[in-house]
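In what follows, subunit A forms one complex with subunit B and a second complex with subunit C.
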Partner chain A sequence: MRTGWLAAGLVLLAAAPAEAARIGEMVEWDFGAQAARFFSLQDPSVRYALGGSMLLGLCCGLMGAFLVVRKLALMGDALSHAVLPGVALGFLWGMTKNPAAIFAGAVGAGLLGAVVVQWIRATTKHREDAALGFVLSSFFGVGIVLFTMIQNLPGGAKSGLDGFMFGQAAALGPEDVWLLAGVTVLALGAVGLFYKEYVLTSFDEGFARSLGWPVKLYHYSLMLLLAFAIVSALQAVGVVLVSAMLIIPAAAAFLLTDRMGAMLAWSAGFGMLAGAAGAFFSFTGRSLPTGPFMVLAAAALFVLALLFAPRHGIVGRLWRRRSRAARIRRENTLKAIYHVMEDGGFREEVVAVDGVAARRHETAAGAGREIGELQRAGLATEADGRVAFTPEGRQRACEIVRNHRLWELYLTNAAQLAPDHVHEDAEVIEHVLGDETVRRLERRLNFARRDPHGKLIPGLADLAGGPPPTARVAGFGGKGGAP
Partner chain B sequence: MMKDFSTTAPPLEVHDLTVAYDRRPVLYGVDLTVPAGSLTGIIGPNGAGKSTLLKAVLGLLPLSAGWVKIFGGTLAQNARRTGYVPQRESVDWDFPVNVMDVVLMGRYGHLPPGRRPGRADREIARACLDQVQMLPLAKRQIGNLSGGQRQRVFLARALAQESDLYFMDEPFAGVDAATEAAIINLLREMKARGKTVVVVHHDLSTARDYFDRLVLLNMRLVAAGPTAEVFTPELLQKTYGGRLTILSDVVQSLGEEP
Partner chain C sequence: MTGFVPAFEWQRVMVQPWTEDFMVSFWIVVMGFFVAATCGLVGTYLLLRRMALVGDAISHSILFGLVVAFMIFRSGGTTVMFVAAVATGLLTVGIIEFIHRQSRVKTDAAICIAFTTLFAAGVVLLSLAEMKGPVHLDAECVLYGEIAFVPLDPAVEIFGLTLGPAPVVRIAGVLVGLLVLVAVFYKELLVTSFDPALARSLGLRTGIWHYGLMAVLSIVIVSVFEAVGAILAVAMLVVPPMFAAQLSDRLPVRFVLVFLHAALSSLLGYQVSVWLNCSPAGAMVVVGALLFLLAWAVMRPRRAVLPDPTVHA
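Moving on to the complex of A and B:
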């Protein structure tokens, strides 16, 4: 990769005088007017730039999704660099930027690169990474040499080929857009028609072959479509960064969903969005290269997905951890209130906040905050330094105490642990025991009434929301207890 | 005449099968016939070529010599009658598909290119998932499954193939006891319905109970036949050599049997 950048830098140096002139122009560039022109879509060149960039995003997003799930992301990188000599040869063929000649040359060079990768893998002891690295850098090097030669030819400096390096969406012409549209239709058609074939051969090649499928045919058709996508995208996004448009939208989509179909849709959508953003900046910034902006837009989408994806996102995970921590804190407060009531023989329906604070080893203010949380969750009410359960809070408290004591009993009975070894474990488990596990524990323990410390285990009637504890002082474990 | 022949041909016939990796042979000259309706275990030490045999039979590895007949014909002719359960490690479990998607893949062999599975295929897939007690997990991404659950998903996919001959690569490797019991019940049920099942198995101590025929393999075919005839101290010794300490225990327990 580093050699690639160095070589690209050299080309930029060679083109430095031209660049300097453009930057001079940019100072007088009116961003607002240019943005207005962009959004009005009146100008055909805007329509070509926007349409072409979005088509390339769609196409690359689609192909990139398959690369990412096949763990072939580097293949896209190598292939996209390998096409560069083909672009130069396509130009040299007629000394013009004929899209057809450049397309043919680039696809040819890309496929040659893929063949060389296969050949190195098959005939040497090198793995794929070394082969990809070799093809990527050496093909790119050849391409840079050819580009520099073209620049030095008479008329070569105005070839417009430097747009292929970092992309120039504003330079897209109708032929380029038609090419992109054709490739996109081809890719959509192939993926739509052979969706199940492409998914199965990507997921489980051995199984697909056991069905008698021509797995190689599907693989190479996908690689050919990939080469088409890369080559048709070159003019807009550039050789150096086209692989990013393959990988980043797909990688962001992978974080958002667990289904292939949805991943394809997200990936294509992200690609289109990034393409549109790249076209906008390329047009408003005039001679700014498109590729980097397109890739930065895609990268921003990736970061958003990384942060906010519902299941795999960092924010979601932190939020769930936080809310789990908050739930455990609430449950511990409920349990403390229950314990205070139990100590009082359930004669009181309300208990003092001070008592709860002592039980929680908290200051009065700390306990007050915890009880405030219970109030907000509708589990308890507090007035005048005294706290009372709501029906839901009482049920939840009974469940927690029950979970705790059942687990202690289970550990002492079934796991043969001493009664003074089980409390810590139960403190953790009580918050995560599911209903079904509780039922199984009960059956296993023959619906026992007392925990290893001789405390009563709240019964089913308490959980079902029977009369409040004060009305049934003997209710816990009494006649109204577990069946 | 032809039809008559194909119905009487054994599900699997292998002749002089030889497979080499990098010109280094790993299986030599294996001759094997698996009769219809049998539950056959392929056993042998690590590196004996058990999985290689299965893959070669399925055409996943090139043969250096020999031939394979499935129901008297080629695999391609009988692909729909042949089901496959690959090793669990052979796929990427982070792949964005859910349990139902994977089981539906079992129907793909019955669908022409470009055709998606339909309602009838979904019904079959649901029934197969139910058979391995995985229906409640149908919508889960496959990465969120335990080892045993993953194995059961693969089995459900194979059931959905509705084949007559099944090849299973180490279905018992690394699964919990409950799954192991569920799998062996399923295999016996399949046998009772006339299916032929060939299983690569690594655990010598359960091989005798699980299979009615055994193939003893160690780069060459040591023996193949009904378990009672083949599971003998001499043949096991010949298969495993001195390589396995568990062998002496098994051989000893054989001696204690009446």
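Moving on to the complex of A and C:
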């Protein structure tokens, strides 16, 4: 029983492309020396492995960017498995590893797979995931049947077809690198020539169709390029990991930019970087496989992008959320100080911290912390348990109170809400109303001076740092707030 | 090219396997049936939840869990393997969900990122383990599955009863356990799969059912890849439920159809593999796919005009 499970585990472990993909089998191992050897590019095998890996990254990165924005990420996975029967048929064409025949067979099988996916989606109720799973696994099944049949043929046992399963970046020869270079040039050329068409069909298929464009032609030409990229990359990274090289750099690029051109550049750059890193680590690390290191390097880049992307990264988002929360807290404290002053009829320029704490429903210590934050932001000054606005603090407090009361008035006047229903809504929106909206609210409300609760709405003159509100209260008359 | 497809000799293909090598043929077909039925049962729910490719993801990422478990425990007992599989399966699903929720990357790309990264990490760990000591691996087994070796496993005896080869007994146990789970939690699984909103309004915690299903899926996958390999396990998860869904909209009928599909594909697939002298697991998958195409051809007109049943959500 136990040995059975061990065997089962090891069987799966064997899925690893660990067998062949090794660069630099060395008897004595020294990281520095190996790194020097790598960077000197003296070894032809290093040059081929590095060049091939970087070309692969570039090519897969370009194609993958389109897969990611078209939400076809798993199409790469499905097609990389679906090309197998084509590889076998290409081999059967003359019983040799003729690259041209294998390439043609694999591309044909890949295209057929893409067609079957579309066809299952169009004629059955099955969704994309089932269609992709069907193509992936049943084509792979056909491939395995053909592979096992080939092994029974005379001369078939040494076909070396397993290389397509596991990939052999170390064994890349000049012809493989030239093939990759050709496919890369083709992909660059196609994307460059038909950039506008590919972008439009990717983002707004309906509009492209309404322009009379052959949308299907663009889809299948992209699938053809994808099949080219997959087949030429199979030799280096194998069936499973080729889909990683398609998707991971592109997904990292997707987090960094909103523009397709920039995304293509980032994606291709990440792909090349991951390819180079994979070649480097497998060369300097003793007998470590290339493909998985490429994927891990790409995954590390993705994690960095996931965390630190300026707009879409987790850290940036958390930081923005925190700073927004801090700003809202500061503004609420300012408002509380204003309210305390207002309760005192604006007779005093300073108020007690205790009063602010009561207003905020905070402990004295909590209010003290909040006022400390205001001090650091230069919005208030505190001395002897009493707090006063700085000019900026006063202006900001007036703005917030003004936003709040204008919004309350707007809700009661324009939206016909009862006066006791408007406070909660205004509490939220006071922090996000922009200048433009406030000006429009003022016009809409005829520059009203009183909110629904009869409180004074601080006027623009107060915002501009004019005389303190007390003066306006004393000389209150009409709606003369506007400058 | 000549001789690539062997002639179909009735005696060799249809008679000899059942007269001369009866026990071998019997156990291979039974194993194939159990594998396809178990996977198909779970796969039916995956298909309903549009998660067919999560099976693909877990079947790859389990490598990582198995390597880590092997490095920690230095053993490959059933419990260790099941625990490792469940942990890795849940880890995979957790990573997918994390990426999906915390960024604007879509679920499909997140699936791809999660499983390829875990697979690559598993490969690297494996080659590091290889440095410390020789790990004898047979690369071919994972591709083709070793279902042909199943009859060679020592038979299991319980209470003096000779049951059969260990892998068959194990997968049969998983199948029975699965059937019991489906019977006991039929309503809950039904409602969480078809209408998550209704399930939530009824007070069911859909998240727990989701992760529970993923845990079961991981156990199923780890117990079948020995026979069919990691990638053909995906076929067993996807193809029988698709066949059943093509022919019926009723869940109990689909289960019956999944079992029918499993029986037909394992028996016919085995005969095909004897005829063509190829991998039995591969042949079973090919026959299964052909059965789906047949169902598609038969039921196509009706399906084409029916409204999409999943739109109401």
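Assume the second predicted complex is superposed on the first by the 340 of 483 C-alpha atoms of A that agree within 3 Å, B and C clash if a C-alpha of one lies under 4 Å from a C-alpha of the other, contacts with A are read in each partner's own complex, and residues count from 1 in each chain.
Here is the rule we go by: a residue touches a chain if its C-beta (ideal position, glycine included) is under 8 Å from a C-beta of that chain, and two chains touch if they have at least 3 such contacts.
Nothing here was measured: the structure is a model prediction, and the numbers come from that model.
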- Regarding the shared-chain residue A:77, is it in contact with subunit B (first), subunit C (second), both, or neither? second
- So, A:204: does it touch subunit B (first), subunit C (second), both, or neither? first
- Item | Which partner reaches more residues of subunit A (counting touched residues only), subunit B or subunit C | C
- Message: On the A-aligned overlay, A:257 touches which partner chain: subunit B = first, subunit C = second, or both, or neither?
- Response: first
- Now for A:195: first (subunit B), second (subunit C), both, or neither, which partner does it touch? first
- Once the structures are superposed on A, label A:326 by its partner contacts, choosing first (subunit B), second (subunit C), both or neither. neither
- Looking at the overlay, what does A:41 touch: subunit B (first), subunit C (second), both, or neither? neither
- Query: In the superposed arrangement, which partner chain does A:212 touch: subunit B (first), subunit C (second), both, or neither?
  - Reply: first
- Note on the structure: On subunit A, the footprints of subunit B and subunit C overlap at residues 71, 254
- Query: What residues on subunit B touch subunit A, complex-wise?
  - Reply: 55, 58-60, 75-76, 79, 82, 84, 86, 90-92, 95-98, 101-102, 105, 108-109, 111, 113-117, 141, 157, 167
- Query: For the complex, which residues does subunit C have touching subunit A?
  - Reply: 1, 3-5, 47, 50-53, 55-56, 60, 62-63, 66-67, 69-70, 75-78, 80-81, 99, 102-106, 108-113, 116-117, 119-124, 126-128, 130-131, 135-144, 146, 153, 156, 166-167, 170, 222, 225-226, 229-232, 234-235, 237-239, 242, 245-246, 273, 276-279, 281-286, 288-289, 292, 296, 300, 303-304, 306, 308-310
- Item | Of all residues in subunit A, those that touch subunit C in their complex | 1-19, 68, 71-74, 76-77, 81, 92, 95, 120, 123-127, 129-130, 132-134, 136-138, 140-149, 152-153, 162, 165-166, 240-241, 243-244, 246-248, 250-251, 254-255, 286-289, 291-293, 295-296, 299, 302, 306, 312-314
- Message: List the residues on subunit A that touch subunit B in their complex, please.
- Response: 69, 71, 193-197, 199-200, 202-204, 206-212, 254, 257-260, 262-263
